[in-house]
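Each of the next two complexes has chain A plus one more chain, namely chain B in the first and chain C in the second.
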Partner chain A sequence: MHRFSSTIHGWLLLLPAMALLVLFTHWPALATLIDSFYSTPRQRRAPVFVGLENYRVIVDDPVFWQALSNNLWFALGTIPVSIGLALLMALWVNDRIAGRTIVRMAYFTPTVLPMIAVANIWLFFYTPQYGLLAQVLSAFGGSSQNWLGSKDTALICVTIVAIWKEAGFFMIFYLAALQQIPPNLGEAAALEGASRLYFFRRVQFPLLMPTTLFVLVNAVINAFRMVDHIIVMTRGGPDNATSLLLFRVYELGFSFWDTALAAAMTVVLLVGLALLALGQYVFLEKRIHYR
Partner chain B sequence: MLETGAAWLLAFLWILPLLYAVWTAFHPPEFSARFTPLAPLTLENFSRAWAAAPFARYFLNTFMLVTLILGSQLVLCTLAAYAFARHTFPGSGIAFALVLAQLMIMPDVLIVENYKTMNKLGILDSIPAIALPYVASAFGVFLLRQTFKTVPKELDDAARVEGAGSLQTLLRVYVPLAKPVYLAYGLVSVSYHWNNFLWPLIVTSSVESRPLTVGLQVFSSTDQGIDWSIICAATLLTSAPLLIAFLLFQRQFVQSFMRAGIR
Partner chain C sequence: MRRREFLKGAAAAAGIGMAKPAIAQGSTEISFYYPVAVGGPITKLIDTLAADFEKENPSIKVKPIYAGTYQETIVKALTAHKSGNPPTTSVLLSTDMFTLIDEDAVVPIDDFIKTDADKKWLDSFFPAFMLNSQTGGKTWGAPFQRSTVVLYWNKDLFKEAGLDPEKAPANWAEQVTFAQKLTKSDSSGATQWGIQVPSSGFPYWLFQGFTTQAGGILMNADGNRTFYDKPEIVEGLSYWVELSRKHKVHPTGIVEWGTTPKDFFEKKTAMMWTTTGNLTNVRNNAKFPFGVAMLPAGKRRGSPTGGGNFYISKKAPRAQQEAAFQFIRWVTTPERAAQWCVDTGYVAVRPDAFETAALKKYVADFPPAAVARDQLPFAVAELSTHENQRVTKALNDGLQAALTGTKSPEQAMRDSQAEAERILSRYR
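This part shows the complex of A and B:
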């Protein structure tokens, strides 16, 4: 009897959250998959089953491959650099340097600002002739360049913005982990005459491993989710040079209103994320134990 | 010494875009890219930006949005977390896995189908439509479940001996003990949804439902050509509440983000 009431209780408590999850996560994920096998409904034409046609269109579309390669470069640029900088920032702020409260605040500030707002500021930053970057460079005798308007530099520019936005956020997790390391380890190392670098390499870094993996998971997901600054700064251009996968979903779905293609594109993105998650899970499993 | 210098240099670089925006916003347009120390200060840009777009309405919308989301998240996630932490029932393992699936299949990615759903529900272009996909937060459920699990079973038993029911025990024992976690989750949630952009951009189309971020984008991309002074003023305006809250409660903010991260 008690067991039965516990079951009822448990499911009743769960019901509201579960209903919304099914409605706005599980069902749409499934519906995306189904819709990706149908044609886009147009005014008087109902969707018809087209099999893998949408996927064929995507694979034949050079813009998809461009977005994929852009996204991989974007990920390769943001993930290691922002994690590396975050670690460096945390180590500095953790040491008793002068004015560390202010320094920590400066590092963390980008995290609380809306991406859309800071993208506006960076847009101004990169403006040819007029922007700060152009002015600094011309002071050193460099020539003015259209950073966001050139295919060679636009992707790097938006990558830098993402790194700037994320590093301070990841720093927080390293800082939390560093503060968990018992101070007597550092004292012992100092007594033994170990160098700062040696202490970092042999003590701090291994102890930070779980944090690094946690931050890595977040960084990977973010690399495929961040598109706000793309919408503000470049709208995927010039000539799709800064188009990312999620931006392409947005473009197909809400600029071209081709919802079937957008659905197929979403499936590609979700499968990619699932594979990455699976890979990380296999990799993480040995190292981190959740209770 | 060298390290301190490098740390400060990086800090300067990190805060530079913000300083730049502050400079431009508080000076007349002709000084927007000229850095002469004695340039006259002005609040003109802010008043012009405020007058050029319905920012008061956008502020109200964002405020209602984050309140609605956080309020519903707290209730739903608390109930679900309590179920997972203290009830053993068949199917709880699968249910928990289904909840955690949202950590990877984020609402941000399911924009196409969620748009269709909102359309069918007939609530496109409304604040609840922006909020709904985020209300059942897997992150919140997970965080609170972990916290509730650390509550000693004896406290639970004691409350029940005194005749408290399941919900009363939750409210009297678990919720008060989890206060710091609620604060942490609240700060993370509010700053996330204050700043969220893509989904609100898609699902809203009128001044009555647009949050600040979308309002700012509409304002700076169409209304204004490229008057950077006004755009910078508007940008600072939209970020100001969070920024000021952050400066005032820096310690709590940092600790909250830390707490939310240690799982």
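This part shows the complex of A and C:
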């Protein structure tokens, strides 16, 4: 009897969160999966079951492959660099340096700013002729570049914006983790005469691994999720050079109103991300020391 | 039934622009989606219009809802339509006509035309603006905030370069020779460009200037066929590409739409192509005398129209649709069209608006305001087809590929046409 009522109690406590999760996460995901097997409803033409047709269209679509390759380069650019930068910044502001609070704040500021504002600031940086970058370059005798307007540089430019925005956020996690490391480890290492690099390599870094995994998972998700600045800065152009997967989903769904194709593309993205996350946990879990 | 007759009466009253209806029975509320890229003055103008209308028509309440950019507004309007509860009326791009028809989201304006006065009203707009408002013998949108592409030039820089500061280039050849004289460079590259034609976001719109001047058309009136790979179209693109690659008077790569007016203010370009909607912006921010001219002629003059139309939602209740129609008629009377033109810089949508005292005075003080009107006889319909955004993107991608130098103009237009063909074939 007692056990029964406590089970009910437990479920009741779970219910509000559960209901929200089911309503806004599980159901839409399931509905997306179902929709991806139907055609897009058009003017009095009800959706019909088309099986894998939408997926075939995606595979045949060169823009999808370009968005995928762009997205992989974007991920390859943002993930290691922003994590490395975050770790470096955290190590630095963890020490007792003058103006520590101000430096920490400065590193964290980009994270606080809304992405739309950030994109607009960087739009000015990249403006040819009188933009910040152009002015600095011309002071050193460099020639003016059309950074966002050229297919060779546009993707690198939007990648840099993402790194700038993201690194400060990851730094906070590393900073918190660093402060959890007991100081006696550092003292012991100092007594043993370990160099700073050795201490980092053999003590700090292994102890930071759980944080690294958490940050890595987040960085991977972000690499496939950040599209606000694309919409502001390039709208996927020039000629799809900065089109990322999620941006393409938005374009298919809300510019072209091809909702079935957008649903199929979302499923592709979801499955890809789920596999990545799974892989990260399965392969990295073993190499992590939890205290 | 009685309400409808009453509304009809009100229509006649509003049409003549006098007399308040004696009895106000019940009230109809109409919601009105309005796109506004930047807040501020325009929202205030719309609020004033709505309030004035309510004063003259106490039985109708107008609720303007600012819905973001044009793109965001149509996303919201269509989402609301799919959920069954759309706004009564919205201002959306005239080019979204086919999309709205395909989604079965709007009713033709003709449904509300009953009296001779109504008919006269429908015929009162500039024909150029109706090209993007009519298809299949029906009128789907009422022109409201419409624009066209014009050329702005910096008179000081013209003088510096030894050109007549009062004379804009009249044809393609002059456009190149003027721009050559106006381009300055030092060791780090060009410090001042002769001309800038923006190519980010919606390059097809400005491109339509070149294609029309080259004597080409981009699509048929049914909106189910495009002609991207025709020789005239390729010729237009070649001219645009050569401005930067051959004559070196135009920046290479993609020119940002948003910063082009700023480049003009900063004297980084001596001439620019942009919308008449920028007129007030340029007037307020240019610290030098400037001129506004029709786009230079190739085989002929030409420019696309652009901007927004009023649409009435299909799923709105009949009484609300009728009320919305009253509002649209009221907003597009000559006096209000004239005032709207003065306040915003958009082209007044009907010729008789230019005969009003307000607009006559404005044009006398500020002659550039009449350039857009004078260009209208040469204007063509803006590119608009079924699955408009997709077909347009096919062209945009090709244009950007050619402008960034990854494809030749011929190749780029062939690829764009193939993609458009693939999308449109099922609409024939």
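Everything that follows uses one rule, which is that the second predicted complex is superposed on the first by the 284 of 291 C-alpha atoms of A that agree within 3 Å, B and C clash if a C-alpha of one lies under 4 Å from a C-alpha of the other, contacts with A are read in each partner's own complex, and residues count from 1 in each chain.
As a working rule, contacts are C-beta pairs under 8 Å (C-beta built on N, C-alpha and C of every residue); 3 or more make two chains touch, one makes a residue touch a chain.
The shown structure was predicted, so the numbers you read here are calculated from the model rather than taken from an experiment.
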For this session: Classify the contacts of A:92 with the two partner chains as first (chain B alone), second (chain C alone), both, or neither.
Result: first
For this session: State whether A:74 touches chain B only (first), chain C only (second), both chains, or neither.
Result: neither
Exercise. Which partner does A:20 reach: the first (chain B), the second (chain C), both, or neither?
Worked result: first
Seminar exercise, completed: chain A contact check, chain B vs chain C, more residues touched by chain B
For this session: Check whether A:37 is in contact with chain B, with chain C, with both or with neither, and answer first, second, both or neither.
Result: neither
Problem set entry | Partner chain(s) touched by A:10 [first = chain B, second = chain C, both, neither] | first
Exercise. Between chain B (first) and chain C (second), which does A:254 come into contact with in this model arrangement: first, second, both, or neither?
Worked result: both
For this session: Would you check which partner chain A:64 touches, where first means chain B only, second means chain C only, and both and neither mean what they say?
Result: neither
Exercise. What is the contact status of A:148 with respect to chain B (first) and chain C (second): first, second, both, or neither?
Worked result: second
Problem set entry | Overlapping contact positions on chain A, where the chain C interface meets the chain B interface | 127, 130, 254
Exercise. Which residues, counting only chain C, touch chain A once they are in their complex?
Worked result: 71, 75, 78, 99, 101-104, 187-191, 199-201, 251-256, 258-259, 263, 266, 268, 387, 389-390, 393, 396-398, 400-401, 403-404, 406
Exercise. So in the complex, which bits of chain A are touching chain C?
Worked result: 42-44, 123, 127-130, 137-138, 141-144, 146, 148-151, 234-235, 237-240, 251, 254-258
For this session: Would you tell me which residues of chain B are touching chain A in their complex?
Result: 3-4, 6-8, 10-12, 14-18, 20-21, 24, 33, 75-77, 79-80, 82-84, 87-92, 95, 98-99, 101-102, 104-117, 132-133, 135-136, 138, 141, 146, 149, 166, 191, 194-195, 197-198, 201-202, 212-213, 216-217, 220-221, 228, 231-232, 235-236, 238-239, 242-243, 246-247, 250, 253-254, 257-259, 261-263
Exercise. Which residues of chain A touch chain B in the complex?
Worked result: 6-7, 9-11, 13-14, 16-21, 23-29, 31-32, 35, 85, 88-89, 92-93, 95, 97-118, 120-122, 124-125, 127, 130-132, 135, 164, 167-169, 172-173, 175-176, 214, 221, 225, 227-228, 231-232, 246, 249-250, 253-254, 259, 262-263, 266, 269-270, 273-274, 277, 290-291
